[in-house]
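Please find the structures below.
First chain A sits with chain B, and in the next complex the same chain sits with chain C.
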Partner chain A sequence: MKFETDEFVADRIKKLGEKVTTDIFSSTSPTFNLPVRAASNIHYNKDDGLLYLGTNRSTRDFFNFAHTRKFMQTLLVASKCKELIENQKTASIRELYYELKHNIPGTKENTFEGQDESDPLIEDLETMTDSLREQLHLKADSSGILFGKLIIEDMGDRIDCSKLGKSGLAIPSIVDDYKFLQCDADYVLVVETKAMVDRLVEEKFHLENNAILVGLGGQAARGARRLIKLLNERLKLPVYVFTDGDPWGYYIYSVVKTGSMNLAYESKRLATPNCRFLGMTMDDVDNFSLHKVTEHLKDVDKKRINQLLSYEWFKKPHWVKELKAMLSKGIRIEQQALASKSLEFVAKEYLPQKIAKKDFID
Partner chain B sequence: MKFETDEFVADRIKKLGEKVTTDIFSSTSPTFNLPVRAASNIHYNKDDGLLYLGTNRSTRDFFNFAHTRKFMQTLLVASKCKELIENQKTASIRELYYELKHNIPGTKENTFEGQDESDPLIEDLETMTDSLREQLHLKADSSGILFGKLIIEDMGDRIDCSKLGKSGLAIPSIVDDYKFLQCDADYVLVVETKAMVDRLVEEKFHLENNAILVGLGGQAARGARRLIKLLNERLKLPVYVFTDGDPWGYYIYSVVKTGSMNLAYESKRLATPNCRFLGMTMDDVDNFSLHKVTEHLKDVDKKRINQLLSYEWFKKPHWVKELKAMLSKGIRIEQQALASKSLEFVAKEYLPQKIAKKDFID
Partner chain C sequence: MSEEFIADKLAKEHRSISVAEFFERNKHMLGFSNNTKALITCVREAVDNALDACEDARILPKIYVELKEIDDEVFRVIIEDNGPGIKKKNIPNIFAKLLYGSKFNLKQSRGQQGIGISAAVLYAQLSTGRTTKIYSRIGDGKTHIFKLRINVSSNEPEILSDETIKADGRGTRIELTVRGRYIKGRQSIEEYIKQTAIMNPYAQVVFVDPQGQQFEFSRVVDALPIEAKSIKLHPHGLEIGILMRMLKNTEARNLVLFFTSEFSRVGRNTAVQICTKSGLDTKMKPTTLSRTDTESLFKAIKKVNIQAPQTDCLSPVGAEAIKKGLKKEMNPEFISVISRPPAVYSGYPFQIEVGLGYGGDLDKEGPIHLIRYANKVPLIYEQSACSITRAVLKSNWKRYGIQQSKNSFPTGPLAVVIHIVSVWVPYTSEGKEAIASYDDILKEINLAIQEAARKMKIYISKKVKIKEAEARKKIFHIYCTDVIDALANITDHPRQKIEDGFNALINEKMKAFEVDLTNAGKGVEIQEEFITGIKSDSISNSEEQTIDTEEKQTEPIQDNDEEVVQ
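Showing the complex of A and B:
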């Protein structure tokens, strides 16, 4: 999928504005028509393995008193994003709120009272213009870290990600402008915890195995998800995901692979449907004799496992078997439990064996 | 303060072990003597502006049945840390737990049942050997980001922190092995939120003002605190702290400056007592006409302000005035509220003006 240019996105915002002026000059009520972003309108597409928004749409009508304030706010957000694009600036979604917050002259009304009013309108604008918020020049919170034999150009700087010691590159919120200058890596290993990435870097796993390591630090931030997709799509690198053996880790994997429910309209740009799950699994507990270092499931874990079992994209024989085994054994297992073998074990035995045997779940 | 070599720290652990064998061969009960780490034993030293542990000590006695398990665990932790140092390995505190967790032969007892058993013993070992956990080759969670005209050597890699685009260097947990090869910066600006660092990098603030930017992403992690201290101590750079104008931001500043209550035994190595607070302040709200973009104090904010007022290290006229002004106005102000002026305002006017006027609170 092509990532549209700034001009293209700015033009789509302009068209929204033109629609409003056309409505006004033809003496009809100005309206926006936009997709419904509720769970009822989210569908899993088995063919490409992604979550999508369905076709239900709603209308925002300026002359409907209940819509008037939101209509005005939508135009403010759209106008500011167009300005950001034209001025080649980016803003955090909190900055956007503060930039737009002001008193409406001659009234006691403020344009916005809280960020909870502006955030959903950003999502509306994304769906209406069929673009990512990063294309609207808006930044989400960033999180994530990268190591490996990859040379990136970022804002004119040439960054060799194999020469960043044990520190690594902080993954920013916007990565679409990265140029991949050179890549000597064979695959991308996405890792749930930063502590596990530290371990792998200490063992020089990334250098000895030609792996690009992406550490998420919990749930994957948008910048990290987009970067994983770009590495897969542009550099044709396979992507393996390595999380804790628990429902929380499995959901992190599913967000990287399938998309997330509240950002279903962006799956196509953020998700990597051909990524593969490497571990930890219940079979690992047996195969690597890790029984002593499992943890007992808590009620909240069991509840989450049952939730996953109800999601359509987990209704595959391998995943159902895995989740049910977890329930019947009553245990979960962490990445770092592999340290019970030895600190080097994960880098010298566990990962190389799993990758060589292609012992993955899809 | 000198950072002791690995040999020195390993030797202090060895001396703990020798004390135990001496006790055994002289037929007395093996004991450890260690400082009490409770709030009652934490003191603020006005002279150097740091939090310290007091002189209260307690004894851990192998033949006291209530102490036996902890005594055994303390020896396991000490022994593993000595091994890590000697093998030039580092481990996360979670890995340490998994490495030491095993069944005690001939019993149904495990050495450790949870990480809540091993973590406090790490703190015990730090105080007993008068060393940081990083010197024991243990890693805490890392967080934080760095940009600026600074060239670092990390694990043999030469990293120019002014050539990392908008991505930046991820600050690891252990930074004592950083070599500072070259520094063309005039000061360090410590920033509470990563989003604000993004803003400053987009405006090229760090390059145009010769500033090293350290983004904390909330409360300062140990690695970031230690790095700020090293930049101040080794490179003689002044340190300015820029947080939200609320009690949470002010406490972040006080941890960087004075130390934290639960790590009071490490203030000397982690805190930077001569750092200065730049903003946001209640005076900023007036001086920069920001009344429209303040937030109302919630009960939890008010409670926290009163807590800060009770801490000895906030009992300075400037801080008391600041905190009371916040209470009487009933408002707080965020860094990102400066965007209401314009996105560039913070980089082109606010920070340069405050720094030129030396408008700081100490």
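Showing the complex of A and C:
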């Protein structure tokens, strides 16, 4: 695959290498300078409702014992990305990990011991070269699924997302090249669990309600977030998010809406600030008499709730109220608890009622 | 006989308690409770005597110890020294009379109770029925050979034979035949001799074990420790029983003279003060005091301020000598020794010496090696009852870089030797195995441990730093290859150019780092000689100071030439 940015990105990588060789030839410690990607350096902008990376920067120094390994790994990733661009190939981040993993001669160590070592370095490289993962010819492992009255053109093929049976469209990491040929949907419903998506598909919810269903399968992947953003921006579709009624579900909503801390530098491209939260809420428990099917909060849940309360972008009255209600009741509620009424309850009553009443949280 | 009172009968029984019975009743306290312990006690008493004799005569000791198993669990124990020898007329009393030579004057020595060697002779006689053979030469060209036993009812020596032969040289040799068991390990005779060698590095010891294997413990210090001086008892160290005995035996005409002549640090004024406080007349004749008089006198002594006893009477081993002893027997890579200034506990001067040996040949795993000493003698048994052990347990070893779980023995490659010297070592029992708990003593031990451990900590942290530096250097070299490869791929520079530049930079950086390290280690006391080992040719060239007596040539002894005592 070829991008317009290829030349620019390859040049940025080369400049990074030149910086290091210049350090070496002038007998100074070779270093990288990169933005700090920690909570302390994340800022919430109230005006556009997005998370941004602050201005704090750190230095990665080969001669700092604690940095040496990471320094070496960063250059390996950079070198491999330059190769991918030159060869017009795109690799998954897992493939990148395996391509770079090798034994370091004279030791029992490998260059990388796990993908969790290489993944953050990709994000570092993105910030250092001012480019996106996709422009580095890397893709995240695809995750996310789509159903609905939407026709897409992908690599010249026409895909009708309403005729994909119970399989749906597996959302790839790179969706910027999608062309939306036709759309007969009224809104996008983002759903946390794939099991819930399966339920809604079996009930033909998307067809009967003119909805585009996007199943996340847990935390939202970049491809899914980018696609939600494109549907919202290009097709002007409203986006509703439907997750479990617990801090983990609420955080998924905040990632779709305001961006994630890890990828704060990409919030503008990935986040959909005008999306709305549909449920589950603590009010749902009362309004739909779900008291008997709630679960008790565990210590980790409580800890997470308090963390959310400390985030700037959760400091809105209705979210504080929601989270505090959860704490005081000591309960959480899962999407699938709605099955306690009947299997079709969620498709026939819960969702249509909530959407009709516009019972959303911002 | 119906007229006889019960008391009369009891009195008769009292009188008939023989030395043998006394021994039987007290043998656990005297160190003869089982065969293993008995054998080690016999060796220990004889070696203690030999070393004391040499030191008193200012002769660098040369000791020969040999064990032969002549029958199942019956051993011939031979200990020979190059000491001054013993005058012919004193030989029987020294070896074959219990409690001979008890003294009121105090002097730091290994033997303290005057029981030691005669108890071993008695044990030999009671356990195997054999006599003990003594050889002694004082340097007059003659060797006296005695066969002795103790008359168990009268506690008098019995001489079974006494001959004199011509022989040059000087020294004493004792041959005991005892029942015993020979073991290996931490409480073995071999270990006892090794430990003795650490704290007596000016002695040369040769040990031949029952298998005929010979071990040599070389002399690494050519000077004896300063001489122990005898001092008079300090009033604050007095016990009432001793006071009664002293009052009875004194030749002083009145109480003031009694105090000024029999005690240290008591002048006329102090003596008068004691008498006034006790309400007794200064002119009273000491032998006429009643029991109540004695008691009030005893109480008065404790109330009077008396100058602390002089402390120049002690004979510590000294930091340098202990270092050398530790080095040659344990071979640690680092040694720090603290010899504290003398202090006083209840009227007795004492002094603490602590040596720490770290790393080197010491076991990296398991508990540290603690060796306790009192007056240069290793204490082998009752470690847990000893206040030295308590002080070690209570110290915070973690602070000094040694692992320790709470309230338990520290672990790691560390040898701790702790030595108390005193004119009167406060043992917990007659067995002389453990030191009793006195605050003044514990405090000194703690201070010495802290002081020595602080020095060790500096060494350990420096060692850790050096290790880290080496690891760093390695890491830089290991990781630079991949960096060079990546840079060669990313940039247009030739690989070789990058590699040369990078290697030069790493070497430069490491040099700067090593300078840092040297500065960090400044002021650290690591004596090179102890790190690299002691030059072995400085050992054992000191014979000029002593007369070489060539002791090992004394005529061999045949088993069959012994009588059996019934």
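Note that in this section the second predicted complex is superposed on the first by the 259 of 362 C-alpha atoms of A that agree within 3 Å, B and C clash if a C-alpha of one lies under 4 Å from a C-alpha of the other, contacts with A are read in each partner's own complex, and residues count from 1 in each chain.
Please note the rule applied: contacts are C-beta pairs under 8 Å (C-beta built on N, C-alpha and C of every residue); 3 or more make two chains touch, one makes a residue touch a chain.
Note that this is a predicted model, so its numbers are computed, not measured.
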First (chain B), second (chain C), both or neither touched by A:P172: first
Contacts of A:L16 with chain B and chain C, given as first, second, both or neither: second
First (chain B), second (chain C), both or neither touched by A:I104: second
Chain B versus chain C as contact partner of A:F71, first or second or both or neither: second
Contacts of A:R94 with chain B and chain C, given as first, second, both or neither: first
Chain B versus chain C as contact partner of A:Y250, first or second or both or neither: neither
Which of chain B and chain C A:S79 touches, first, second, both or neither: second
More chain A residues in contact [chain B versus chain C]: B
Common interface residues of chain A - those touching chain B in one complex and chain C in the other: none
Chain A-touching residues of chain B, taken from the complex the two chains share: 89-92, 94-96, 98-99, 101-103, 110, 139, 141-142, 145, 152-159, 163-174, 194-195, 198-199, 202, 292-293, 334, 336-340, 342-343
Of all residues in chain C, those that touch chain A in their complex: 468, 472, 475-476, 478-483, 485-487, 489-491, 493, 498, 501-502, 504-505, 508-509
Residues of chain A touching chain C in the complex: 13-14, 16-18, 20-21, 24-25, 27, 29-30, 62-63, 65, 68-69, 71-72, 75-76, 78-79, 82-83, 104-107, 109, 111
